[in-house]
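Each of the next two complexes has subunit A plus one more chain, namely subunit B in the first and subunit C in the second.
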Partner chain A sequence: MTSSPLTSDAPLAEGSPLVVNEAPSRRQTPNRRRAAAVGSWLRSDRRAQFGVGFLVLVLLAAFAAKLFAQNPLTQDLNHILDGPSGKHWLGTDDLGRDVFSRLLGGSLVSLRASCIAVGVALLIGVPLGLLAGFRGGITDEIVMRCADTLLAFPGLVLAVGVVAMLGPGLTNAMVAVGIVFAPSLARLMRAQVLSVKEHLYVEAAVTFGSSTGQIVKRHIIPNAVQPVIVQTSLLFALSLLAEAGLSFIGLGVQPPDPSWGSMLGRAYRFMQTAPLQMIAPGLIVMITALAFNAIGDSLRDELDPIRRRRRRFSRTDASVVP
Partner chain B sequence: MTEPKPSATSVVPAVDRSGEILAIDGLKVHYKARQGKHPVRAVDGVSLQIRRGETFGLIGESGSGKSTIGRAVMRLVEPTSGRVHFDGKPISAMSRRQLKQLRRRFQIVFQDPTSALDPRKTIINSLREPLEVQGLATPAALDRVDLLLSRVGLNTSFRDRYPHELSGGQKQRVNIARALVLDPVLLVLDEAVSALDVSVQAEVLNMFAALKVEFGLSVLFIGHDLAVVAHISDRIGVMYLGKLMELGPTDEVLDQPLHPYTAALRSAEPEVVPPSDRVRHRILLTGEIPSPTHPPSGCVFHPRCPYAQEVCSTTVPEWRDVGDDRWVACHFVTSVDGHPHPTWGSPALG
Partner chain C sequence: MFRSIVKRLLTVVPTLLLASIVTFGLLKLIPGDPATVIAGDNATPARLAEIRGQLHLDESLPQQYGRWASHAIRGDLGTSLYSTTKIATTIQARLPATLQITLGALLLSVLIGIPLGFIAGWRSDSAIDKAARTISTVGIGIPNFWLGMLLVTVFALKLHWLPAVGFHGITGGLGQTAKYVVLPAIALGAASIAETTRQTRSAVLEVRNKDFVRTLRAIGLPNRTIFKHVAKNIAVPVFTVVGLQASRLLGATVIVEAVFGINGIGSLVVDSVSRRDYPMVQGVVLVMALLILFVNLVVDITYRIVDPRIR
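Right after this comes the complex of A and B.
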């Protein structure tokens, strides 16, 4: 027996215990390490399993619906506002369209819409908050007064204004929602940066020659971003509702395209005669919002070494007890 | 004649007493006050030199500006005026880019070991960071980090832990290791043991002494505990309200203080002697340390000095070389023979 199968590809010099211990961690690519980290996160946290699982399910169902389900735009005016049946699992709406296929067709629209809103909010809010908090002084004043101005506006009015400027349509509406969300993210990021930059490890980084960019990248952002992640997951949920609201008043998705919000909007008009119409889109908005929140909470814990350790330990303890 | 770089394996390396590793010249650091137009005179005209291989202790009450000197040496604060030369190079006048290379040669350990470590980095990543920033992260250098970790008394099981899993003393050991990663020649220890409890303090102090020899370091040791600073320092400087009061070899300064403030500081030290056997004269200072925004006129110590005369409130005392390698800022001390006042002299220890 010359060498074990595990080390057969390694050069002979790596025989000492020190080198063998070192070798695997050095050879691991960053991508592979990241994949392993995501894997262990998903395995260890039920909230993450629920959130990610549900979103994947919705997306799969949406794509499957494109292939197999009934056309969400086909009207059947002889069967309007029907209850659930074998043909229409969730019934039909006021134009006789299949609610189930509209729900699945609308999921892509709604999720895309909230991604746009959250993306815009992150892209505007986080860099500006970082800049304001880190630079301070006049930069801080200018950025934060602009944020205050935006916050002083009623959100919906601002969104309506932006849509009026850019023209109606879901993308424009969600960009508007993103702009409305941006100041709160900017404030949060600024507050975090203000507290993080006072730590001695930032000064220590200066003393061994780090540039400002390196300090921001290595220390400020990783330590400041935690509550921003949680806030982002809340914003996903909020933007689902904002999409629903804007589509409801006709500024978002344009008929006849389905979205969860526009379905709620239509169903609302028949609340007296067909109350069941509201339940399916309402429920899916709620569960999706919950899924986003669960992911956010879990991600916050996972990214914090203190919380991660505590959770893993408590889980181990719990599993020992029969 | 160039000084040979001491290797880690040698016995006590020969100390070239003539060379200076750090020269602080007329350093002033004034902060803009939150309110009011008077600046905070944190450091107000300090000159001192640190010789190669020596440990220089800087002692003073809180607010005396001793930490600000350390921060100015590290260029964490910009001096209002004055110069800091490290190894003959003017670090107070260099650009950030020029300074980056030189920063490998002088490093600092801060007082708060917890705040000085990034909570999201494992110990090994914190230790590797200086090498990465300086572009020195070769496999050999990274291996040396492991050696350094064991040298400060932490075994390899600490490599992948996070700071919150370590005790204060262990964290401070990591900070020390990090300061040594770049192989500096000057180490600034800014109250580096003040946050640790007494038994750990002693361990860490002894480790400093060993590391100093091993790495051929010069040390600027900043502290407020007279016993601790005296234990480790070759020479000490006594600060009060942003100014140096007295400077000289540790034993001489403590056995025969020339400045009234040093004497008061010395006499306030607790001693392990029954009260009946105490022979040393106790100098009790009254009042509080004045505000550095409005320092007293003349000698900054005069409002609290038991020997103050008319001249003390009007004229700033000269920073005077009184011989025997000693410097004092007092009108009445012109030689190492001491202060003319009768109660003056060496506070005898039982």
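Right after this comes the complex of A and C.
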């Protein structure tokens, strides 16, 4: 996902005088150039390093746990609500289950849930925003009126409403969250398309006789999609928090499956007797959300040509000065 | 100005219509026969017929919607399936608690977020700016219910400074109310405080670098005067952000009220889900949407009065 937007900066970079000294890279294939762009982004930005690094770590740990760690559902009834020990690194919960393995098992559940919500939001929001911005007129009016209406529903409340009707379960809940997120993406995409549409190169393509499909595919989408990508990584954080919240009140993942939110829901019941139970799952939700936000903030700077060029300038300056 | 206000007021009609259709449609998401789902597997045919009659399930969809909407306009949201009380009455009784913690959280985000963001933007890269940036980064990422649990553990269970759960109406005196409101308001408002700080900061940064501010500085006006000019110019974006928080906060009450055991409409909707009280869920969703539409309307009209450039 991170690589596709960076293709669109290729013509931009070639046009800029700064890239002259990177001439060999021009012979590279688009894929290699994309990889190089991602590489330079990761090397140059600490926020990106933290965000991507942490997420990769969580995923690796989760998959490793599937192979090696204790079963997150196994009960050790001699150790209930225990503190950390050699056998149970983060202690055990109220049913004697290992908190550390549940945390790792829950990470896959929680991340998959965020992917569902973000995927639904993208699938609904981006095409509709594109359509509204490109077509304009009555289509625009209808789509935007619907978006405004959906925005009037507080996200979690509509999700709770949908879950109430369809029955509790993670997929239902996250699809509902995704629907609630869709209008903001649609609005963003529409605004971008509206401004890109006015550019000279689009007009030139029209004069050249390119088909509408070609224009949308080659010119509009690559140039309009960047803020959507930034927003997507911020939506990942919001979805993660929404999943945790819904599972916390028992409307998300159903027992005995672990998720970070449902672990906090159990910890809540033993807040008085075992207050330490809430620390690990809460921390990991927060750090993961921060990681997504850090990636979003960093991408916002990276994808903004003005800010990036400013940074490159300062970097070149620094290399000349010493 | 009046024309634009009237125009804005007119857009409420289609939005309201759509919002009511969405809310009405919620009940239609129930898979299978709603009466069977509501009554359970062992229901008698008489009970099934009663529920069908209560929900008017044998009418056509437009007829059902028309009946529901015309009742809703008159403030009649139907009867709870769980307690046979009027839904509107229950919501009315529960609403003050939710409004109090929401307003408390909103107040916190205005009182903390705006000054903090202003100083951070005014003196960017200072120690305060760095602190503000850290606070807003963490505030956006921290799960509100977890923050609530931490606050309860520390301030209620360990230090015994504040009550852990429950709620006190405003009639019992302001001090008593504040005691019960402060922790939920912090938990609920953390994300809003963060967002307000962040947006105020970037608004100040942007205005501060504008040409007119440089001119004001160049003619040697005192800082206080420049401050006034900057404040006026960030008013609209900051106001927008605060307005947007209303929706976020109301939505978050669903979860935060559960942590603090507050009997507001947020916990009402969650309880109603487990009781399969579908009309009650529908009622709360509608009321929340109405509240937010109302806030958006007030914000938009205030803009038009404050800033005549907006049409």
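Everything that follows uses one rule, which is that the second predicted complex is superposed on the first by the 269 of 322 C-alpha atoms of A that agree within 3 Å, B and C clash if a C-alpha of one lies under 4 Å from a C-alpha of the other, contacts with A are read in each partner's own complex, and residues count from 1 in each chain.
Just so we're on the same page, a residue touches a chain if its C-beta (ideal position, glycine included) is under 8 Å from a C-beta of that chain, and two chains touch if they have at least 3 such contacts.
Not measured: the values here are computed from a predicted model.
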item: Clash-or-fit label for the pair subunit B, subunit C on subunit A; value: fit
item: First (subunit B), second (subunit C), both or neither touched by A:278; value: second
item: Subunit B versus subunit C, judged by how many residues of subunit A each one touches; value: C
item: Subunit B versus subunit C as contact partner of A:130, first or second or both or neither; value: neither
item: Touching partner for A:248 - first (subunit B), second (subunit C), both, neither; value: second
item: First (subunit B), second (subunit C), both or neither touched by A:206; value: first
item: Touching partner for A:146 - first (subunit B), second (subunit C), both, neither; value: second
item: Which of subunit B and subunit C A:118 touches, first, second, both or neither; value: neither
item: Which superposed partner A:219 touches (first subunit B, second subunit C, both, neither); value: first
item: Shortest span in Å between Cα atoms of subunit B and of subunit C, once chain A is used as the common reference; value: 13
item: Residues of subunit A at both interfaces, subunit B in one complex, subunit C in the other; value: none
item: Contact footprint of subunit A on subunit B as seen in their complex; value: 74, 76, 96, 99-101, 103-104, 107-108, 110, 112, 115-120, 126, 129-130, 133-134, 162, 164-165, 175, 178, 182
item: Touch list for subunit A against partner subunit B, complex; value: 199-201, 203-211, 214, 218-219, 222-223, 303-306, 309
item: Of all residues in subunit C, those that touch subunit A in their complex; value: 14-15, 18-19, 22-23, 26-27, 29-31, 137-138, 140-146, 149-150, 152-153, 157, 247-248, 250-252, 254-255, 258-259, 266, 269-270, 272-274, 278, 281-282, 284-285, 288-289, 292-293, 296
item: Subunit C contact footprint on subunit A (complex, rising order); value: 145-146, 148-158, 160-168, 237, 241, 244-246, 248-251, 264, 267-268, 271-272, 275, 278, 282, 285-287, 289-290, 293
